[in-house]
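These notes concern the structure reproduced below.
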Amino acid sequence: MRKIALENIDMLFSAISDKMSLFLPVDQNDGKAAYTKWEEGKKWSCALNTVKSPKDFFFPQTEDMMEFKVDGKNIEVIDTRKASEDFVVFGVRACDVRAFDILDRVFLTDPCDSYYATKREHGIIVSLACTRPSETCFCTAFGIDPSNPKADVSAWKTEKELYMQSNTEKGEKLLKVLADVTDEADEEKVNEQKEQISSIMKRLPLAGLDTSEFGGGKTDEFFHSPAWDELSETCLGCGTCTFVCPTCQCYDIKDFNTGKGIIRYRCWDSCMYSEFTRMAHGNNRNSQKERFRQRFMHKLVYYPENNEGIFGCVGCGRCLSRCPISMNIVKVMKALGGKENE
Amino acid sequence: MQRIGVFVCWCGSNIAGTVDVKAVAEALKNEPGVVFSTDYQYMCSQAGQDLIKNAVKEHNLTGIVVCSCSPRMHEATFRKTASAAGLNPYMVEIANIREQCSWVHKEMPLGTQKAIILGKAAVAKVNLNTPLTPGESPVTKRALVIGGGIAGIQTALDIADAGFPVDIVEKKPTIGGKMAQLDKTFPTLDCAACILTPKMVDVAQNENIRIFSYSEVEAVKGFVGNFEVKIKKKARFVDETKCTGCGACIEKCPQKKVPNEFNLGMDTRRAIYIPFAQAVPKVATIDPDYCNMLKNGKCGVCTKFCAAGAIDYKQKDEMIEEKYGAIVVATGFEPISMDKFDEFAYSQSKDVITSLEFERLTNAAGPTAGKLLRPSDGKHPEKIVFVQCVGSRCSACAEKGKEYCSKICCMYTAKHAMLTRDKYPDTEVTVFYIDVRTPGKNFDEFQRRAVEEYGVNYIKGMVGKITPEGDKLKVRGSDLIANKQIKIDADLVVLAAAIEPDKSARPLATMLTASMDTNDFFTEAHPKLRPVESPTAGVFLSGTCQGPKDIPETVSQAGAAASKVIGLLQKDKLVGNPCVASSDQLMCNGCSSCERVCPYGAISYEDKDFPGPNRTTKTRRVAVVNPAVCQGCGACTVACPSGAMDLSGFKNTQIMAEVDAICK
Amino acid sequence: MQMKEYKPLIVAFCCNWCSYAGADLAGNNRLNYPAEVKIIRVPCSCRVNPMFILRAFQRGADGVIICGCHPGDCHYTSGNYYTRRRMATLFSMLDYLGIEKERTRVEWVSAAEGAKFAATMNDFVKTVASLGENKRLEDLRCKR
Amino acid sequence: MQKITTEQLIEKAAELMNEGKVASVLGWEKGEFGYDVTPGIFGSVDELKAKFVYGDFSAANLSKYLVKKTEMVQGQALVFLKTERKILIFLKPCDSYSFNQLLTEHRFDREKVYAVGVQCDGMVDIEKVKKIAGDGLLSVDTSGNDVVVKTLYNGDMKIAKADVLAERCVNCKSKKHVAYDELLGETGEVIDSNRFDEVERIEKMTPDERFAFWQNELSKCIRCNACRDACPACTCEKCVFDNPKSGVENKSPANSFEEKLFHIIRAYHVAGRCTDCGECSRVCPQNIPLHLLNRKFIKDINEFYGDYQAGAEVGSRAPLVDYTVNDVEPGEVFDRGDENA
């Protein structure tokens, strides 16, 4: 385990950015943190999390896939994939770290998504343990330990220091690069923090949220639940929950006519949109209720069914605080009959 | 995918001098959709057109781009060519490489480059063109004239003379309008009745004309060639078919104290009445507001004396529905109310009158049998003051007057002054004026005669205040030329009140979806080029409903409107312009934005059923464009937020394709 | 070495009845204006959707001008009155977003004003040229 | 001014329900933490009693729901449509403007709606509360003019409500209900607010500054469409941005042009129709001050064509589908601006 004094943290950032791009949460003018490329003068945010999740680095909101150059009646196909360079995403919380596991199971299994895979290969994730979880946090419901995040490098921020521990080869390599600016450390402070956090976690309002009612094989049980009508009744059908969600992985592939050719790109799509999966025959989910149900059934039933019981939600709480009508997965779980443990 | 042929014209050296036409044809060959491209000296020549026709057949072309002169020049030519070759004429687009390229640019490379780009834009557009077919609609060969004044009468007579049936709707019990109330007419001084009443008789006797007097238009549906109009025939409690107009009932009617509107309330009439002797139709009408029988069931005198048995107290309003191909609005004018002009003491003194009242006072059939006597005491006035521009050209007093010039006042005031001096040379006549406007044949001579031969005292200046004192009217005004204040003790003051459109015009305009200006005059389709047509197709304007006019102008406009109506009615069907708007009802919100910007009233709404999710049916309000009325301006397409409204021939996608091609 | 002279790309929307005819007249009278001006014919200036204007900028136009009949002379009686309101508010919004206001213009050109058409285009091209390339409303994908 | 309570609203709704006047109630539903209130439809008195809430976080403007809820749909078991009974909607003053605007555009059937105007004392912005109290809010309550907060990390706190009012409430344009069948509590007056101050501040910047300001703000956009989908003026059957045939359809902003395109066109499409209810900015997950775009149009329209408040009257003609012969020329708009500068 390595450590560095927080007052010298910029030395650490500087050491990383000398070698590769470094992205970390920086407070924006509205007070919200967003992942930003670090450069001299940028201050690491103390915020619990960013509005947009770090999935954007590996599965960007829009991504060019290929290009067709048109000259008269001739068409040339151009592969627009660039050779990716290494980069570091710093300060990823435990929930978002788990989200990569969920995305990997979609994009990296056969057929492997080469766009995503390249970025995963080159991206080094440095996680950060939570110290002050919010009332909207419920990662523990999905068996995530916010005090002990995984990823390539795990990090803990104590009052005066940042502790780091590598978990992978990539992580190890990064810590080696940082050897000059960090010192060897023991785990005492980190363990202390872990204990502290676990006691806080128990006091969170959503601490008792129980997922045992949900999971694979429960389709019949929930699909026809009358609760969906009421839950979805005032859903606006916007894409906020989907786009702030660290695990939502749906995309659309579209062509953009530049006048000189076509750029084929993909972009995030939302199952909440009326146009989602529209096909030649029309749309297969016609009502907002069906679309709403799809999103939550996917997180709570369909995904675990196909992925050894792992839920498609990580409890990051983004949708809780961002949904325009304050409808969210917690309300859905409770309405569908999820028990609350004491 | 289209199969497009590109035809680049040299126009002799007009284009080829600055544009490398071969290079243009060559460059456009590679554009998507283009299967054939060539150039030729004169594309518009017979040989050029044959070249196009042959190419259409040989290459199975579906679209044509002609790079040539302005489409304003030869678009019609090339559309005909396409038609002759079996193509839809709207599959032709013109790239203007002459007026907007070769003629304005000097250097060959620049001109060529631009011509290629303009060609590409035209190709891009044609790629999205669809064959368009103009809509056809039948024409109901009957016209409706709303208003039975001189304008309506003249229009109706002219249309009827051309052999088409015409209905006149007049809200009063008789036709004749304002002109019937006039005494003499300027500048010839022939008597109004002498020239009007024969026309009224002509109307009554014309087999092609029906008169709905004492009637009003209640509702208008439909569009050019196909209007459906509801007319309310108000109950006159006299059977028109039986009444002979003998007048026995009027003589015996005990209710004698009804203000006579024909004489502007300056005398009285009976509860059963015929407005004036030469009324058409000459049929009595019972005024329900005054008839004792109708009010409280006690009387019935007229029934007793009606030999024809025409009186029918139980008569009800009748609704008539009729179809028309054209509608002429001839609703005329009213003098504005003088109530707000306190400074002229109109409401305080009976001896301050309007010019129209003066007409009645000097008319042989008027309340004084044509003797000029003061309303207050019946004495002959010795000093008369005429005030011009009362409420006209009044930009500062918008709340009581009008900004515009009423146009007729200068002339009728000169007429009144002249006639007074002619009949009563001892009378002193003074006219206050701001300007004297006499642009008309023999008008200026007429006015000058009033001054020079009849000694009318014209003072440039406005009257500031009129105060009744004893039996005099103290008139205080200013003489702007002599630059002094003037005081006259007048016996009678005549106000040349401004004229405004009849009150019935505004609701009628709404029914017709015809537009009006801020003064409630109907607007014309084009102020110079289409002065007798409303922007709403099939609606025509006659007389003062369109703006202040004198009789000669009114009659000429009435004739012009009639000729436009005849032109329309003689067609068996109307062929529309296919470049019209249409609404994609699946996307339409029914929000009414489009309707609000449509200058032609071409857009209406209907509730329509749409299949919803899960076998439901959703009923929504959606816009419908009437292609026979739409003129294709496109205002609605931009007002529509969802983009449901689009314009054939200039679709959103077509214009954007042109933009893209130009900006490549 | 001299820099290649910068030539802005101008899209001009012209109404069919007045301004397009005005442009034709400029041609008849051989009144020169820069070839950078490309005219798109629309039935009335009120056919011009703000989306067309943004589209032009996106695709690489450096300036967009809308020409219509003089107020009061619209072939369709009121079309250009709507244009006037639409464009006044749209241009003001573009200015609010920091996009150079000189890149957009509305000009009333009658069918008799060939000289005005040419003069307007000369002036507009000059103005836009002095601003340089449109960067603030560009779409880099269209410049690849 | 007496405060209006949740209980009063429930009582009113229950009364109307029991009388058989209304079949369902469009209102606000309690959440998990006090501040996360959800718009809800209540079908019974029991449901109302269990979940209904009206308070500092009943911010959602419910009027737009009437478009869907009063739709003429056959073949589906929508209870309230089959009966003569209406749907009850609670309208805060600013909601009532949207209500009228929707009526003007024929977007819902007034006959099917019973509108109860409710007094509004301003809504609280939870982001502002969190800025003061920090994260980890265990509960949020109102007591008099204060907001009482229990937190995980900073103990209990009392914050003056005035300090945490939502921006749109600080600059409230009207306390007047412009539409209702019945009123609960008091209705107020149109307020001469400072809502255009921020627009003016931006107008006074140099073009470069303005560009930088908006570039920064709009670059945050994730195109979740929340602004559009919450906006009571955006009720298109099919939005141009969802319609592949429109030529501008897209799902996410590929670059800064598309960010601008979406927001310019959206603001333009609601120009003259936007009532300035402020829902767009409230729901934006990225806190983009979208209302400043709409207010720019409102301010311009007021200055160019005379004061106009969308929704103040049913049936009024929106300024962009209207004209006068003497309107300002597009070129003169800027001259005027230069004079002010």
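Order of writing sets the labels: A, B, C and D. Residues in every chain begin at 1.
Simple rule for what comes next: a residue touches a chain if its C-beta (ideal position, glycine included) is under 8 Å from a C-beta of that chain, and two chains touch if they have at least 3 such contacts.
Only a predicted model underlies this, so the values are computations on that prediction, with no experimental measurement involved.
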Of A-C and C-D, whichever chain pair has more C-beta contact pairs: C-D
Farthest chain relative to subunit B (centres taken as mean CA coordinates): A
Chain centre separation (subunit A, subunit C; CA means) in Å: 46
CA centroid of subunit B to CA centroid of subunit C, Å: 35
Centre-to-centre distance between subunit D and subunit B (centres being mean Cα positions), rounded to whole Å: 45
Where subunit B touches two or more other chains at once, by residue number: 597, 612, 614, 639, 652, 656, 660, 663-664
Multi-chain contact residues (two or more partners), subunit D: 240, 247, 254, 320-322, 325
Shared interface positions of subunit C, touching two or more other chains: 50-51, 55, 59-60, 72, 78, 82, 86, 141-142
Residue ranges of subunit B touching subunit C (in the complex, touch as defined): 70-73, 96, 98-101, 103-107, 110-111, 113-114, 117-118, 121, 515, 523, 525-527, 535, 579, 597, 599, 631-635, 637-639, 647, 650, 652, 655-656, 658-660, 662-664
Of subunit D, residues touching subunit C in the complex: 199, 202-203, 205, 207-215, 240, 247-248, 254-255, 257-258, 260-261, 264-265, 267-268, 271, 293, 296-297, 300-301, 304-305, 319-325, 327-331, 333-334, 337
Touching residues (chain side subunit D, partner subunit A) in the complex: 31-33, 35-41, 60, 65, 127, 131, 134-138, 152-153, 216, 220, 222-226, 228-230, 242, 250-254, 282-283, 285-287
Partner subunit B, residues of subunit D touching it in the complex: 71-76, 104-107, 235-240, 243, 245-247, 269-270, 317-318, 320-322, 325
Of subunit B, residues touching subunit A in the complex: 30-32, 612-614, 660-661, 663-664
